[in-house]
Each structure stands twice: as C-alpha cells, then as structure tokens.
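In the two assemblies presented below, chain A is common to both, partnered first by chain B and then by chain C.
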Partner chain A sequence: MGIPTAPCTAINVSEYVRGWDRLYGSGMPLRYTTFPLPIAGVSRQVHQRYVNGNDPVTGKPIMQEIVDALTKPLTADEQLTGLPEGAVEPRLLSPDTEENLQEFFKEKDWTDYLPVVLPTEERVAAMLKGTSHKPDEVVKTLMWPGGGRQLTVEKVAVCAVMAGAKPEYFPVILATATMAPFGNSTTSMANMIIVNGPIRKEIGMNSGTGAMGPHNRPNATIGRAFTLLSKSAGNLHAGVTTFGSLGSNLQYNNCCFAENEEALPEGWEPLSVQFGYKKEDSVVTVGTGWTYVSCVGELVTTYPPQMLIRDYMKSLSGMGSTALLCADPLVAGILYDQGFTTKEMLAQWLSKNVRIPVQQYWGNGIITTGFTNLALQGLEPFATWQKLPPDSLIEPFINPKTINTVVVGGQTNTIWFITDFMIRRGVSIDAWR
Partner chain B sequence: MSKLKSQQKATVKAGSAGNITVLNPACSSTMVERVPLTPRIFSSLNGKTIYLVDIGWGGPKAGYDVFEVMQGWFAENIPSVKTVLVRKKGSFHEDDPELWEKIKAEGDACIIGISC
Partner chain C sequence: MENKEVPRITCEDLKQLMDEGEKLVIMDTRASSSYREEHIKGAINIYYNPAGDPVERGMTFTALPADRPLVIYCDCIDESDSSIMAQELKYQRYDIDDVRVLKLGFMRWKELGYPTEKSAY
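Entry: the complex of A and B
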C-alpha cells in the first residue's frame, strides 16, 4: 500500500501468515497482530476484551503491538530483498527399513495415519503403466499454500501406490488430481468424487449396494489417493496450511463412488451427460461441500419423496444455491412416477419450493461473510434479501442448474441423502489413459 | 522428525539388508521474491490519520465492531489520532485498488483485518 500497515488476523491462521505468506505469498514480513477466536457472532464486550487484552501468540498487549507495528523502525530482516532458496525435495528418500519408513511418512504427515503401501521404484513403475502419459508431465501446479508445487504424473503415481490403488485405476486418479488439493476451510469442508462412464465397469467400481461405504477397492483407494496427494504433494497440514476447525471424516475417502447409470429411470441422464459429455465418455466429477443428511427411513405413500427432500433442504446453507441429491434407484423411480421425468424437472421444482425465513439464510456465517458486502453494493437478490423483515420467506436455491441429482445404491431400500456438495462439469478420464 | 532422520541414517550406515528405497511424495517448491516493508518514518502516531479497513470476514458486525472498539481506544489513549473506519469493497478475498489509492493519498497508516 506504500504506507505503514498493521494487518490483523485470527489465531487460526497465525502460523501461516507469519511464516508461509512471506515465503510463498506476499513476500513481505508483515507485522501481524493476532486476535483470539471467535470474532464473529460475539458481543461488543468480547471485542472490548480482545482489544484491551494480549496477542495470544506473542503475549504482548494488542494495541501496543499495533502501534509498534506502525511506528518501530524496520529490522535488517524486514528490509531483505531477493529470492530465498526454495525447498528442494529429492526424488528418492534415504533407504531404510519398511518399519522406519512407515513411521517416517507419518512423522512427515504424508498419510491419513492408516498404513500406506510404500512407493518403491518397482511399484511406482508398475503404476505408471496405467497411463500413456510421461512421468514428468505436470498434471497441475498447486498454488495453495504457495510454492508453485508441480504435481507430476510420477508424484500422482507415488500417492496412488500409497493409497493401495491398482494401475488400472490410475487414469481416474490422474483426472481427480487435476482438481487437487482437497477442500480447505475453517468451515471444515470436504470433497465428493463421482465417476461416470464405461471405466466404472472396466475397473470394477461399486455403484450398487454399499457404494458409499468401505466395500470396494477402487472406490476406497481412488478417494484415498486424492487425500494423500493433497497432504503430501500439496503440503497441507492441520493448523498450519489447513484450517478446518472440526475437520471432516469424509476426507478419508472423499465420498468416492460411481453413479448407477444402469438403474437410471428412462429420461434421466448420467451426471456427466448432463454436463455435456457423451455416455461413452469416462468422467470424474469432484464436488466440494460440507453437509450429508440421510432421510434415514424408507418412503411412505402419504408424503411423496420430493416433499421430504424439500423439507430437508431447508437445513442446508443455500451457499451458491447448491444442493446434490444422492438417491437410490428406487427413490429415482418413485420420483419419476411423481412426474419428474428428468433430473432437471426435479431441480426446478425444488428451486421454487424450498423456502426459508430470510433471517435463517443470513443467520449462517458463510452466507453473511460471502454475500453481505455484495448486498451492501446492491447486487441482487442479496440486496433485496437483506432489506426484508426477518420472517419473510425466500427461495435460497434460486438457480436450478446448481441443484443436481446422482443415482447410487443397490435398491435395498428407498433411501436418499441430501448434501450441499457443489459440482461443476467433470474431468475427462479418457484424456489420462 | 530429526530423530527419525537420524534413525534412517544410522540404519543406512549399518548397511541392513532389509532396507528399501522409496520415492518421495513431497513436491519441491518455489519461493517468491522478498519485498521489504514500507519504512516507518514516524515514531509516534500523534496527529496521524489512520484508516481501519474491515475486509468483511465474518459478516458486517465482526471485524467492523472490533475496529469500532479500536476507535474508542485511540480516542482515549492517543486522542490526536484521527481514525477513519471503512469497509472494503467486494468479498473478503477480492482486491480493492481504489480504496488502497484513497488510503495512500489521505492516510498516514492503515490497520486492516481481520482474516480468519
């Protein structure tokens, strides 16, 4: 900015901003002052206590620290220019026993703390035979948490081995790697990996009974590989470069499954086809979200499924107008019989029929943080919604195109899950064969 | 970490037949050019104009309210300071170059936050 500036941050990102931001972000040794949490949703009295209290990291009085940040002469370190040395990672680790290496991988936080398959040269070479792409090809440059880490085909193969995947799964894992790293937010988000197309059958993915549970090797290991590569190649570590307050158990596997395309009602298209691919294309879709709510019990004749789906959607934040319904084929069939002859018709109905009090909408911090400033600047519908009386009903899922449905399950009961996973057009798996 | 590394080295020196070699899953990184801080040309805030910029994290009553409390602190402790409390345009992660120019032209210093 060109004038003395004192940035303020909350304690959860303190370690990142004081170290990593200078190395990989702004390049500046900014003089941060740290505040305790929470900052949102608490009273003026709490804020007064913070301002009159001490920085929880340095122990110094917060206001004195801010005054010092604006007035104290620069140290020699704060005047440095030029490029510091980057962290060079060797391709091979020092030889060691399997037991020591398993512990070493855990110490480095490269695992999910379950045993991994150690990525020997032989195993990685075998994995690389699962694609025609060269080992040094860059799949994606990971920009968060800084450092421009180049995720190569070989690095992805290392993580695929660690996850216990077979070489024939590797094109799917490479395609998911283009969407790496995993979701990272204080709000404790997670990911969902959905596979469509012929590769589901080729590699034996489960789209039927127990597809969303721990009952199938490709479902399990493809999802696990996404987390392992995010943590190891992506350098994501809890409390330093990831900030999920509670974290999400879904990140062990990223809710990886295949759509049960064979059981779709007539006229209902696979997810990938809805987004412009052909049925013969193999596609992986990586969604990001938080919430996963089960209807719990079977459907009843007195209350059609769309009504209960509508009711349960009221518990979602409405962030981005997004919802994703995971429905057993039996549910899809009943919805079809209710007149929803396409997935899009169901989305349009839900978009118009889910209504919540506007105070509930603004009562969620992710909405308030994301959209209040836009409302203050006049952007609709947020500007209008912000002026409404608290009990006014609004339709937060304003865009039916962001309400999606995926059919999965083994037809053992009329069960569905409503989630808030945001999905966009998936990635071609065929491009990574 | 260092303990484990030393364990590894010790094992290598011992030349154990059970050793295996594995690939490193971590990626090399490239760091950015270091940028020096703006020089602090005044040793006191007396008579200065300080902008307090709420980036909007946590909604309209989070950082903004903290900054209002800070205004009270300055009024009580360094009353010659003039404080100007503003909200940044857009969402918390969006740039606001017009505001930065205004602050640079009209302010002596800036306090900005609060990121989470």
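Entry: the complex of A and C
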C-alpha cells in the first residue's frame, strides 16, 4: 500500500490531467484539485489566497476538496485499475470520394495537413512488396501514450503510402518505425534521420546539394512517413497527447538525409561504421534534439572552422554532452587539413575546448529538471558542478563519444550546422528488406 | 531482445566489485519513494514507469557516464523492469558497453544483508 495522496493541478492543464490518468496512466480517475493561474512569478500571498479560495473547476473550497479526496471512500468507477487497451481504428474505411477522404483523414488528425496519398488496399499491397516481412508482423508495440498498440508492417505500409513513398524505400521506413514515435515533449523537440550504406544509392537518396532541403523524393517521403506513423500509430495529437509548446517545423520530415560517404576525407568513417556496422550495411540512425544552428556564411582563413564550431556549441544546452555536426564535405576537408584526421579527433578537441559558465549550464530548465536529483544523489560530474561558484567554467561536452559528425552537402559552399540531436544506435535497414 | 539476454551480475559479485573499489554506476529503477526509503549504497535513481514517456527516460540516460560499468536493479520478478531499462539504455547510449542487471534484484541484496542507505532525494 502506498501513501494516500490528493493530486493537484493548475487550471491550464486541468482537463488534460483528468483525462490523461484515466486514458493513459493508471486507468482510474484521480481526484484532482485545481489551482488558478498564474503560479510562477507571483508572491506567496497570492498562493495563500489560492489555497483559501475555491477550485475554479468545481467551485468548492480547495482545502475541503483535498480533505474529501483523502477521506471519502472510492466510488466503483474509481476502483478501476490497470492500463486500458489502446484504441484501434478499423482496418478499412467505407468507400467515399477522394476529396471527402482527404478531409476525413485531416479530421482524424492522421496527417501533417498536407495532402496525402490515400492508402487504398491496392497501394498498400504494392508497398508491402518492398519487404519480405509479413503484413501482420509486429514491428514494435507502442506503450505510450495510450496503452499498448501494435505497430504492424501493414500499418507502417499505410503511412508509407500516405507519405508518397515508393515500395523500394519501404525497408528504410520499417527500420525507422522501430524507433517510433518521434520525440514528444513540451520542449518542442524534433528528430533527425540519417541513412548510411548502399541503400542510399539504390533508392536515389540525396546526400549532396540540397540534401537537407525539399529536393528529393526519398529524403522527403521517408522523413514524412516517420511523422505520419508517429502521429497516427503513435497516438500523438497536439493538445491531447502531445504538448510541444511551439512545436517544431523540423517534424514535417525530420531532417531526413543520407551521409555523403563518397566525399568523406580519408580516415573519416561513415556514421554507421562508427557505430560498429560494416560499410556494406545499410543503416538508419535517428536522433532527437532541438537546436539547429547554422554557421551562416563561408569560412574565412583567419578563423578555422573548429573555432567557430566551438563558439557556436556554447549556445547548445550541453545536455548529455550531445552535439551533432552536419558539415559540407568542403568543411570536412578543411578540418582534415587542420589536423583532424578522424571524426573522433575533432570530437575530442571540441570536448576539451567548449567551456561555459556553470550558471549557464544549470540555467537551462531541461538540465535542472533532468539532472538536479542525480547531482544531489552524488552522480558526477553533476554533483561537483552543482557546488561550483556561478562563474566557474565547465566543459559540458564531457564525453567525446556523444559529439558526432556527419558529412552532407554538395560542396557549393563551406557550410555547417551544429545541432544538439541525440543520436541513438543505428538500426539495420537490411533486416527489413 | 528477450529479457534473459541482458547480462546479469549476482549480488555477491557486485558486492565484491564495490569492496574492491571498482568505479561503478548503480541505478535503482524503483519509484523514488522506495529509493528514498532504502537503496543499495551509492545507487542513483532513475524510475522505470511503464506508463511513462520513454523519451524523458532517454534524456535522463544522457547523464550517465560512459566510462564506468553500469549495474541496474529493481525489485520485480525476473528483473523485468531493470531488464527493460537495460535494453532502452543500450539502444539509446551506443557509447556505453558494460550494462548489467542485478540478478534477483534488491530483495536478494537485502536478504544477504549487504549495505544500503536512505536518501533525502
């Protein structure tokens, strides 16, 4: 038995939390008491007035409501336990016109609000020819939010069709589906999809000029499919199950591109090879992050690229020591000439040379929220960093292994982006052929 | 990956490593209230909530150092929570190689009378 608890919430998310616990959490309705806003940035007297006042949802005195929540016996409805089964949509819809079905898909929030290719049985069957896997094979069971839902090969094919993909792209989409749904946080995160290996050429992915822009069908549709399956199979609906405050435009196609392996400097390995795969393996890597900072202009000879990369990395949160550099082959070549004969050497240099005041590090809420408890529990280096004077300089990118570089671009300018995308272990595409 | 495929370490072996001064990270996956009440000495707490957001857990995983062996424990049958956490962690943190689950978990640790502590956090 646990400790009797009466949950409280603020008015802005009151409706959400009441429904959330029932549908996605404990399965039972909890007795929430609601407080007015604002809570942050007001005096203790205002808080005291809230406590002495009424719940703005029920109109009852707040303290009485808390006492009732703790003392009144549970109703039959409140005695329900266990997570509900995830809601499943029918496999087939009734026939209708193209226009009506396009509108229906939008009403159901199954799209990104751009027109989709309607997933007819014939189109889905054609997509399924892109893999040897059976339609009913479960790619992944999605547990959150909303209870267990099985993401099958057929369901992934539905999203691939909707995104406008060709069957030959399907193994890549299935591999990305093992990492669905995409990042879902009030912090408005996004994802990045990077493809390595022979399949890049087989399906005509772009790793050169404009690779990160809207100029190539496989790049565009593989990335879009990840969004559509994250939203539909992942049950992510803004304001209901996902609350990214601003959202992120990058979620339209999740920065999907291929690494320009052919233009890597000698000694620089493809990202997938760094993760232990062979060059002949086709691999997709998915990262989750927020920030995407461009160098903006061409490099100048008086200030080598590693210095500006170092400077701009100071604007990243440093969470988890994670950074991902997307560099044009021209930039990679110049870095090589600067003495960075491997990607790892560059990572080690950046790890040692990016320094920020410790107050800046802890000044980011995602760090404070995520790591303060761990620091108080004694986990280093956070325990030490928390005790330092505010102006002390720290090296937040303490782990060079989580500073990655991927080479992409068409060598039309010496451009790079520094990002904070947290790259996860790559997934074999070949396993989904 | 099936749960049984996650490498295990016995309580006896973990205790020996601790006694030898091995630099380890020990992760308690139980609820914070259980952790605060009592946990393996030196352990940190990252709660495995089956209905929780794996992305949030993933963000917390980024705090873990890559240069030390990691031992994960829970108090459930077949070490299921800690095994799931180990799998998530291996997927999320490609740079951490040595991840093991404590065989028979916290209950066995207590049975053996090995050191525990309370925490305010």
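The rule we apply is simple: the second predicted complex is superposed on the first by the 370 of 433 C-alpha atoms of A that agree within 3 Å, B and C clash if a C-alpha of one lies under 4 Å from a C-alpha of the other, contacts with A are read in each partner's own complex, and residues count from 1 in each chain.
What we mean here is this: a residue touches a chain if its C-beta (ideal position, glycine included) is under 8 Å from a C-beta of that chain, and two chains touch if they have at least 3 such contacts.
Predicted model only: the values in this text are computed from it and were never measured.
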{"item": "First (chain B), second (chain C), both or neither touched by A:T120", "value": "first"}
{"item": "Which of chain B and chain C A:F275 touches, first, second, both or neither", "value": "second"}
{"item": "Partner chain in contact with A:T322 - chain B first, chain C second, else both or neither", "value": "second"}
{"item": "Which superposed partner A:T9 touches (first chain B, second chain C, both, neither)", "value": "first"}
{"item": "Which of chain B and chain C A:G370 touches, first, second, both or neither", "value": "both"}
{"item": "First, second, both or neither for A:R149, with chain B first and chain C second", "value": "first"}
{"item": "Partner chain in contact with A:G378 - chain B first, chain C second, else both or neither", "value": "second"}
{"item": "Touched partner set for A:V57, first chain B, second chain C, both or neither", "value": "neither"}
{"item": "In the superposition, chain B vs chain C on chain A residues touched", "value": "B"}
{"item": "Contacts of A:E78 with chain B and chain C, given as first, second, both or neither", "value": "first"}
{"item": "Contacts on chain A seen with chain B and repeated with chain C across the two complexes", "value": "2-3, 24-26, 83, 370-371, 373-374, 376-377"}
{"item": "Chain C contact footprint on chain A (complex, rising order)", "value": "2-3, 24-26, 83, 143-145, 183-185, 189, 275, 288, 319-322, 366, 370-371, 373-374, 376-380, 382, 399, 401-402, 422-426"}
{"item": "Sites on chain B touched by chain A in the complex", "value": "1, 4-5, 7-9, 11-12, 16, 18-45, 50, 56-63, 65-66, 69-70, 73, 77-78, 87-92, 100, 103-104, 107-116"}
{"item": "Parts of chain A lying in touch with chain B, wherever the complex brings them together", "value": "1-10, 12-13, 17, 22-31, 33, 35, 37, 39-41, 44, 47-48, 50-52, 63, 66-67, 70-74, 78-98, 100-101, 103-105, 107-108, 110, 118-121, 124, 142, 146-151, 154-155, 158-159, 162, 186, 228-229, 232-235, 365, 368-374, 376-377"}
{"item": "Footprint of chain A on chain C - complex, ascending", "value": "25, 33, 42-46, 50-56, 58-66, 90-92, 94-95, 119-121"}
